[in-house]
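All remarks here apply to the structure that follows.
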Amino acid sequence: MILQTIGLTKNFGGLTAVSNVDIQVEEGQIVGIIGPNGAGKTTLFNLITGSLRPTAGKVVFQGKDITGTKPHVVASLGIGRSFQLNPLFAEFTVLQNVAASFYLHPKSSLIDAFFGTSKYRRNEAYIWEKALEILELLGLDKVEQELAKNLPQGYRKMLGIARVLATNPKLLLLDEPLGGMSLGEIQFTMGVLKKIRESGVTILLVEHNMQIMDIVDRVFVINFGRKIAAGTIDEIRNNKDVIEAYFGADQHAT
Amino acid sequence: MSGQGIEIIINALMLSSMYILVASGFALVLNIMGILNFAHGALYMVGGYVCYQLGVIYGINLWLSLLLAAAAMALFGLFLERFCFRPFYGDFFNSTIVSIALILIFQTTVNLTMGDHVRSLPPFVAGMFKHGGVSISWDRLATGAIGVGLLGILTLYIRKSKMGQQMLAVAQDSVGAELQGIRIHRVAAIAMGLGCALATVAGSFMGAIFDLTPFMGDLILVRVIQLVILSGIGSIGGVLIGGLVIGALDSILPLYVTPSIAQTLGLAVVIAVLLIRPRGLFGREVG
Amino acid sequence: MERNMSHQRGFSIVPRRQAYAYLAGLVILALLPVFMKTLYSYHIFILTFVYIIATSSLRTLATSGQISMCHAAFMSIGAYGSALLARDAGWSPWLTMPLGALGTMVVAVLIGFPFARVRAIYFSMVSLFFGMGIISVNQIFGKYTGHIGGMIGIPPLFASSKVPYYYFFLGLTAFSLLVLWRFETCRIGVCLKAINQSHEVAASVGISEMKFRVVAQGVSCFIVGLAGAGYAHYNTVISYSSFDLLASIYLIVYMIVGGIGSFGGPIIGTAILFVLPELFRGLKEFTPYLFATIILVVVFLMRDGIVSLGGKIKSLSVRSS
C-alpha cells in the first residue's frame, strides 16, 4: 500500500469538511475518489499534501507517517499534485512552466546554481530536454512558446499534469484532471493517464466526470466528508448509498 | 485619585480621540477603497493650516474657521478621490506612490508659503481649568470632550445612517455591495471627504495645543498606521480600541522611558502582533 | 496571442542586445570623468550609483512578490556598522565595509524567517514597522551613533579628491548589478518568480517559499548594506534621517517609476528621478514639485514604468508601418 489515510478528519470551526475517512491506495493502480460537489474531496487532497492540518487522523505514505508535513516537503517525498482550479505559472511559457517544475530532480544546490558550475549546466541541459519530452507526451509541444495565461482551459489542465510529472513522483494526486476538456481531449488524457500507470506511477484522482470510470481500478465515494462506499466500479454502480448520494433519496430506479 | 493622575487621563483621552479621528478617516479609505493613503497625515497638516489661514490671517471667528476649513477640505477630498485615487482601488503600490506625490506637493506648498516660521493656532478655549488639584488648560479639556463627542457622532453615523451602512457594506465586500446597487465611487468619495474633514478638525485642535509645522503630518501618519494596522485591516470599529491603546501608551510611556525606547517598544509590539495574527486584533482576512 | 520575448529555450531575460548596452554604458561612464569639470557632478554620479545599487537590490526581493518598506533601514545597518568599526575600533574601511554588509545580511536573514510567513501587504507593513524600529534602536544608542546631527569623523576610503571614489562606486555598481543579475537569471531567480506567480504550485513542485525568500532577502540586503557602508566612508558623515521611512519609500518610488518588471527598470528610474532634479538645481525649492509631477505622469500614463515606454514606442511604430 503506497498511501493510506486513517480516520482523517478536518473541522473548520463548526463545519466538518472531512470526517473519519479511511482510504487505501495500492501501488501501480489508478484510484478514483468520486462524490457530489462540495463533498470534501479537495479538502481531502489538501490534508494529504499538507496544505491543511488535519483535526484528527493520520496520513501514511510508503509506511511513513507524513501527517501535517509541509507541502514542499511532501513533494520531495514523491507525491505530486495538481489543482482543481489549476493555478499555473501564468507569466512563464508552457515550456518554462514544466522546466521550472524540475526543481527536485535533478537537484542543484544554490551555490551550484549561482556560480553556474558544470554540474548545474549539465542538470539544466537535462531539464530542458526532459521538459520537451513531457510536453510531447501530453501533446503540448506545439504550444511550447505560449504564455500559460493564454491557454484554453483544456490545455491548462494538461499543463497542470505535465508540470506535476516533472517532479518524478511515485504517487500522483490529480484534482479533476478532466475538468473543462472536450471529448477528444478527455479520451487523450485518459490515454496519457494509462501510460503513466504503466510506467509505475500510482494515481489517485478526484473526478466528477463519470467517463473516468473506464480506467480506474478502484473507487472511493465521498459524500458530506464521509466515505460512503469503496470497491470496484461494478460494485459501486449498484450501491444503494451511492445512487442516493448522487440522485437523491426520492429517485426510484426505473 | 491624584490631580496629576486625572490630568494624565485627560491628556490620554485628548490624544487618543485626536488619533482616532485621523485614523478613522484613514481606515475608512483603506477599507472602502483598498488603498493606503500615506498623504492622510499631510491632509491633517493642511487642514490645520487652512484653519490658521482663515482664523488668524483673515481674522474670522476661530470656530467658524474650523467649520469652513473642514468643509473646504471635505470638498478637496472629493476632488482627490475622483482624480487621484479612483483608478487605483485595491492597487496598493500605485496608490502609495500617488500619495507620496501628494505629500510632496502639499508639504512643499505649505512650506513655501507659510513655513518660514513656526506658527500656532490660538487656543479654541482660553484659560486654565483649576479645580480639586487638577490644573489643565481648557483647550485640552475642550478638545478631549469634543473629540470624544465627534467620535460618538461618527460611530452613530456609520452604524445608523444609510450612507454609513453602505460604507460598512463596501468595506466588507465591495463586489457584493456593487451587486446590491450601491455605487462604490459615491461611497468612496464621501469616505474620503469625511476623512479629510475629520483630519482637518484634528489638525486644527492639535495645531492650537501644540504647534503647526509643515511636517507635523509625518508623526501622526506613523501613529495612524500603527493604530490601523494593529486594529486590523477590515475593522472600522476596532480602530477605537486601538486608538485608546496607542493614545494611552503615548501619554504614559514617555513619563517612564525615553521616547526612543517607547517608540521601539511600541513597534516591537505591533510587529509581534502582525506576525502572530496578520489581520490585526480585530480585522478580517484580506487577500 | 501574446508571445514571450525569449524565443530560445531558457529563462534568461537579458538578450544579447541588452548585455551590449550595459557594456557600452559601463565604458561611457568610465570615460566620463575626462569631461567632468565640477566636483559637484562627481558627487551626483556617486550618489546615483549608490541609489542604483539600493534600488536594484530592492527589486531582487520584489521578484518574489514582496515589496520591502525598510530597505533604507538595512542600508543604515551597513553604514553604521562599518562606520562604527572603522572609527571606534580603528579597522580599515576596506575591511569594515564587507563586514558591514555581512552584518546587514545576518540581520536580514534572522528576521527573514518570521517575515517569510506573511505575504503581500502584511509583509510590507511588517517591514515598514521594522524599518522604523531600526531607526529607533539607532536613536537609543545615540551616544555611539550620533543623534540627529549625525555621526561624524568616519574614516574615508581615499585621501582627497572625488575621482577615485567615482571609480570605486562605478566598480561597486557593476559588481552588484552582476551579482543581482546572475541571481535573478539562474535557477534561484526562477524559483523566486515561480513563488511570485503561484506559491501553491511552487510548493507542489518542492520549492520552499521560506527558504527562497530568506535567501533573496539575504542577498538583497547584503548588497544594499554594502552600498550603505560605501556611502558612509565617502560622505564621512551619516545621519539616520537619511535612512528613514521616507528614504525607503523613495527607493520604492524609483523602482516602480522605472518599471518593476525588468532588470533595468530600477536603474532608469533612479537615474531619472535623481538626476533630473539636479539639472534644475537653481530652483531647488521646487524640486519636490518636479518629482511629484514625474511620479504622477508615470503612474497615470505609463503603468508599467518608464521602461515599458520602449516597448510601447516599438509597437506603435510597427503598427504604423
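Observations
Going by the order they are written in, the chains are A, B and C; count residues from 1 in each one.
Quick note on the criterion: contacts are C-beta pairs under 8 Å (C-beta built on N, C-alpha and C of every residue); 3 or more make two chains touch, one makes a residue touch a chain.
Computed from a predicted model, the values in this text were never measured in an experiment.
Looking at chain B and chain C, not one chain touches each of them.
Distances between chain centres, each the mean of the C-alpha atoms, put A farthest from chain B. Separation between the centroids of chain B and chain C, computed from CA atoms only, is 33 Å. Chain B has its Cα centroid 51 Å from the Cα centroid of chain A.
One simple way to say how far apart two chains are is to compare their mean CA positions; for chain A and chain C this gives 41 Å. Annotation for chain B: no residues touch two or more other chains. Taken together, the chain C residues at the contact with chain A in this complex read 1-4, 7, 9-11, 182-183, 186-188, 190-191, 193-194, 197-198, 200-209, 215. Across the complex, chain B is touched by residues 67, 114-115, 117-122, 124-126, 128-130, 132-133, 136-137, 139-140, 142, 245-246, 249, 252-253, 256-257, 285-286, 288-289, 291-293, 295-296, 299-300, 303 of chain C. Those residues of chain B that touch chain C in the shared complex are 36, 38, 87, 92-94, 96-98, 100-102, 104-105, 107-108, 112, 218, 222, 225-226, 229, 233, 258, 260-261, 263-264, 267-268, 270-271, 274-275, 278, 286-287. Residue ranges on chain A touching chain C, taken from their complex, read 49, 51, 70-73, 75-76, 80-83, 87-93, 95-96, 99-104, 108, 110, 113-114, 116, 120, 124, 128, 132, 145-147, 150, 163-164, 166-167.
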